[in-house]
Amino acid sequence: MKKLRVILDEREVDGNPFQPDMWRIVRRYPLTNDVNFYQARAVDVDRTLLMDYLPGQFVMGSVSGDGEAPFCISSTPSRPGLLELCIRKMGTLTETVFSLKENQTIGIRGPYGNGFPIDKMEGKDILIIAGGMGAAPLRSLLLYALDNRDKFGKITYLHGARTPGEMLFREEFMQLKERDDLACLLSVDEDDTGAWTEKIGVVTKLFDEMEPIDAANTYAAVCGPPVMYKFVIQRLVGLNIPKHQILMTLERRMKCGIGKCGHCAIEYLYTCMDGPVFTYWDVLHMKELIGKGVSDNVIA
Amino acid sequence: MSSPKVGIYGFTGCAGDQLMILNCEDRLVDIIGAVDIHSFAMAKSDNQNKELDVAFVEGSISTEEQLEHLKDIRSRAKVVVAIGTCACWGGPQAMKLEEGGFEDRYGGVYGDANITVTKAFEAQPVDAFVEVDMKIPGCPIDKTEFLSAVSKVVAGRHPYFYKFPVCTECKWKENPCILNEGKFCAGPLTKAGCGAVCPSHNIPCVGCWGPTDDLNLSGEYKLLVEKGYDTDEIMRKFKKFGGAGIAKLIKSMKDEQRGVSE
Amino acid sequence: MMILKMKKEDLSVFLETAKEWGELWGPTRKGERIAFEKVDGLSQMDLKATRTMIPPKKFLYPQRFTMFDFDDKGYVERTGHAPNRILFGVHPCDIHGIQIMDKLFLEEFKDPYYAERKEKTLLLGHSCIPDDKCMCTETYTEFIAEGFDLFFTDLKMFYLVWVGSSRGHDLVRLKPELFSRDIGKEDILSYNEYRKWKKSQIQAETDFTGMPDIFELGYDSLVWDELAEKCLACGQCTMVCPTCNCYNVVDEVELGTVDGTRDRFWDSCMFREYSLVAGGHNFRDKRVDRLKLWYTHKLQAYIGEFGEPSCVGCGRCVATCPVDINVVTVTEALREQEVGR
Amino acid sequence: MKTLEVVPLTRVEGDGGITVTLDGKKVQSVTLDVHEGPRLIEQLVRGMKPEDDLNVVPRICAICTLSHKYAAIRGLEKALRIDPPEKAQLMRDLMMLGESVESNSLHTFMLALPDFLGYPSAIAMLGDYGDDVKRALKLKKFGNHVMEVTSGRIVHGENPGLGGFGRYPSGTQLKEIAASAKELLPDAMRAVELFSTVKYPEYPEVETVFMSVNAPDGKYGLAGDSILISNGEEVDAEDYKKLTSERVVTHSFAKRSAFNDKSFAVGANARMINMGKRLDGQAADLFKENYSDRWLRNPLLNNLAQAIEMVWALEHLPETAEKVAALDDPARADATRETGSGTGAVEAPRGILYHHYEIKDGLIEVADIITPTAQNLDDIEVHMKACAEKMLAEGKSDEELLPALEMTARAYDPCISCATHLVKLKRI
């Protein structure tokens, strides 16, 4: 048997860090018409248990013949045993993954990236803002916080999607609304079903619905399409949340996930190693991102 | 799984790409084993016109008859792959696309004889007439690149093609840059995939793979003017193989220049 | 450090003996083409050639190679095929370049492909004859104190040989009689003379130290746009740069099977595809964005992180770029706020 | 009246069709049409620099790419008065030998043999004649290899140029070529064995005139400055128009040639008929054993001629490669004038290829390219007509007629795509 890896902090890897392990898809169902949800377990059982990760980290998923691509982990480390991924059909590899059935295998290596700074977030209020696919990594954070409910202050979850049909984990989040230990606000840009009972409007509208926050004591985590960042960040800065407490996950092209291939470099940082979670304060120092929709208007 | 049904067709060109398929000597048997070749006019007699999984189309389209045949192929095939620079861009016979003068050139060859087989027109790439799912350029196609693409196409996957210019492969081969000797080289404009054969033989790239994904035509144009090239000659060299692709780029470069001078 | 003396004429014998360890590679010249190639012996090398087109990074990290073979059961790494190689005639700047690559590939998440080739390559450095494109004094890479197995400094009548590693010492021990420790005053003087000579040879004048600030200040400078208008996006600069490491990965499948290979090949941040993501969004769609990345990475970000540029002053971009975009012209343009001719 | 159509004519490179119109027991007409679109290459290269022309014209045909390259080089070098160095000349011989082996092995074993043995394709022959198919592949691969080494790649190599080559092959490569050629000789002998034992039907037999180049120094060869005619005449290549007098026919995009208003043939059989006596080695013996005056009538024997030529090529490859290896790499020879005209005549595997250029101030004013297939088309029609008539007279069925006609056309090794041609229209 291949030697097992111990990951996380030391980032020490025995053997070949590019070596994917085979994971079996135990469950698969569609979340929307172009996003599938996958639960996977390592073919080598011990490997599953050793997959210790932080919310916000990602894995490199492999399909032989199509290569590799990064995917955020949607499950929470507080519920070990299964790895959960949401995958949107976008191109070469994701199209093949999309067509994979239960019981088929997929290559996985990781986890990689820094993840959310859970140690710093503990004891604080948490404000999560998810747009579209952004729900994939943020679900991990949300579920982790809920599983460790006593370690966190107030939890607010804002989630926007274009239509009800495109909202990831819609049922799951609707159920969360029943809970009284968090505020869960959902909205869609447009209700094409006529049956939507929640808010209608862009995600920033939800800020108006939310209870006042204790800004200095709040960590905000944002993930969504590039256009969303600009508006959400404006609101967060407007709320006076310290810039180093605004967390955002960035997306970049990646070929290795471990700081070798160079593609995800942004100035001196590698999205894969130093990110994908960055604070807004980090981003403000990245000239390349300024003026590209992420942080213009708010520099001053 | 039944093997995919494949057809290989040739239109206006030199038949070099079909020949390259035949030239896959050691791999030919693998190809025949992996796919069910329904039609390959250049190589066999018992050809059928049925539904196809993949149609490989070589050559540019330059007569009414070809156009009809092409449309028929498209209607029968799930995936249409243009192979070779003629099919992808038009090839050398399309070097004067957008310039007009086809009738004069035609008359220059055939006089006023009324050729009855079919009506001819200026050669154009396949995608000028029907939807093309994939392009494998090259004059002729490169064996390795072709086999790599075919292996994926028949498995229903997306092939990967180098998107960078010939210069990259040229540097992999460690050739001194011909542009730096003050001579023309189409390397920066041309899609890689050939292994930079020409520069590796101390010969400038002539652009036979057609334009690459991202190029700076006006940059190279200015550079060549600086090096003392005649502007007509530069244009002729640019247009040698890239047909419709390069014509489009030249048009936008000229628009740009006009915009600047206004 | 152990420094030994060797007679000029003994080099060829020494290299012949060293071949016991592995293939001998050295700089060769064919017309204008200068490249590290496999050679039979000293006579096939051109030790006067200033720079090879491609730096020795190609040995540690070839232009294209296979990482894994795969089938339906999984991925099997393809290592263990690299031959033992002796790389002779590597110049100080290139050894500095390798050290920068080492930092990237060997520290966090050790890259086994690089590591294996590094392990199987003996680096035998050699002093060089700078030309007008070299700028190693500006990057402090004109001499080298470590990172080689042996280093030969040509002092006209003899060689001084630095022994940089235990394996280098093993090579010396193959023919100890060729080396002596007998170094006198004359030798020291001529070494010092050599150092002065080398520094005096560098003509390029660039000041990289102030670059992080200049880059920061000039990030939106129109000079960049002017440069980008000239850049042919040919990628030559990245291919020839000893500290450019970017790569791409692609799977190849065997016709009609599920077997195949996962291959890795050199990529460049000067290409549009480099930052393109699925769905068509490109984080660096314009050439100017890509050009900025290249230069800010080498001369700003890297200095910010490690206190020195990741340019080793080899002059390859100066010699190669057809439109004269290189560390010298770019830094000058930014300082002077004007693109030179 | 009924029409038999054989469209497309398979296993010839390109897009062509034969239409045979029958009127009862009479053949009303036989037309070989080239449906492939015209490319007007000669018009496109006008105004180009000679070196740019050299990139374009080989693309007329992938099979004869090097013949086109070489014919163009010869024409352009004459026009510009370029005197190529000896090594370049030898390299050109070498590349032509490579092309000859490649093309002849493909045609004899893979394209023609199935006709003679009654298989639909070479693939179908794999079971019964696996060894011969393998032989063909081996020979073809070797031919391709020689083309690759000399020209830069298998098809459309750019290495051969005006006044010399971009890069010369290494001694090791040349040594390997010499060794492989020697090794493959028995495989070429097998082709001769096969084609000297198959049956050649008499149907298409009609007496014809044959033309080939006159290789220099009284040797058998693939290029020359004058043309030999089987009637004993010899004509300067510059007078190629007299030999080919081209005309347009309305049923085809390929122009036609005629000599003294009659059809003529070019190809390996023409070369053997005109230069066979100059052969040496085993090729000479094979020629003597197999030659008869039937060659002057029956186009099918072209296949046998190709097989013998393959033996000749393999016998000459080693010494040519060795001679190339013995010389130092020369610099390219330069043009000594900017205005002039010249005609290059080269033997493509399927016959004489002419490239005529008129250059003014360094730019091409006139390019005239006459391909071997264009020259053969009339002859193909004549022999096919004879074949059809005789078979009909014997009461043969259409099913028997069709393959016989295809076989006849195919014997000319026609390269339809390159028949897309040229020359000014001659009005009477």
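Each chain carries a letter (A, B, C and D) given by its place in the written order, and its residues are counted from 1.
Basically, a contact is a pair of C-beta atoms (placed from the backbone, for glycine too) under 8 Å apart; a residue touches a chain by one contact, two chains touch by 3 or more.
Worth saying up front: this structure is predicted, and the values here are computed from it rather than measured.
*Asks:* Any idea which two chains share the most contacting C-beta pairs?
*Replies:* Most contacting pair of chains: B-D.
*Asks:* Which chain has the mean of its C-alpha atoms lying nearest to the mean of all protein C-alpha atoms shown?
*Replies:* Centroid comparison flags B as closest.
*Asks:* Hey, how far is the Cα centre of chain C from the one of chain D, in Å?
*Replies:* Chain C and chain D have C-alpha centres separated by 51 Å.
*Asks:* Hey, how far is the Cα centre of chain B from the one of chain C, in Å?
*Replies:* Whole-Å distance between the two chain centres: 36.
*Asks:* Can you work out the whole-Å distance between the CA centroids of chain A and chain B?
*Replies:* That pair's centroid distance is 43 Å.
*Asks:* Distance from the CA centroid of chain B to that of chain D, rounded to the nearest Å?
*Replies:* Each chain reduced to its C-alpha mean, chain B and chain D end up 26 Å apart.
*Asks:* Give me the residue numbers in chain B that touch at least two other chains, ranges are fine.
*Replies:* 152, 155, 157, 160, 202
*Asks:* Note the residues in chain C that touch 2 or more other chains, in rising order.
*Replies:* Chain C, residues with two or more chain partners: 250-251, 253, 258, 260, 267.
*Asks:* Mapping chain-to-chain touches, which pattern fits: line, ring, star, complete or other?
*Replies:* Its topology fits none of the listed shapes; call it other.
*Asks:* Can you name every chain pair that touches?
*Replies:* Those chain pairs satisfying the definition are A-B, A-C, B-C, B-D.
*Asks:* Quick check: in the complex, which residue numbers of chain A touch chain C?
*Replies:* 11, 13, 15-22, 62, 64-69, 90-91, 94, 107, 226, 251-253, 255-256, 258-263, 265, 267-268, 273, 287-288, 292
*Asks:* Enumerate the contact residues on chain C facing chain B in the complex.
*Replies:* It comes out as residues 31-33, 35, 52-54, 63-64, 229-236, 239-240, 250-256, 258, 260, 266-268, 271-273, 287, 319-320, 322-323.
*Asks:* Under the touch definition given earlier, write down the residues of chain B that touch chain A in their complex.
*Replies:* 152, 155, 157-158, 160
*Asks:* Mind listing the chain D positions that touch chain B in their complex?
*Replies:* Against chain B, the touching part of chain D is residues 8, 10-15, 33-44, 47-49, 52, 55-56, 59-63, 65, 106, 120-123, 137, 140-141, 144, 152-159, 161, 165-167, 248-253, 255, 415, 417-418, 421-422, 424-425, 427.
*Asks:* Which stretch or stretches of chain B touch chain C in the complex?
*Replies:* That would be residues 3, 27, 30-31, 33-35, 147-148, 150-152, 154-155, 157, 160, 163-165, 167-168, 170-172, 174-177, 179-180, 187-188, 202, 213-216, 218-220, 222-223 of chain B.
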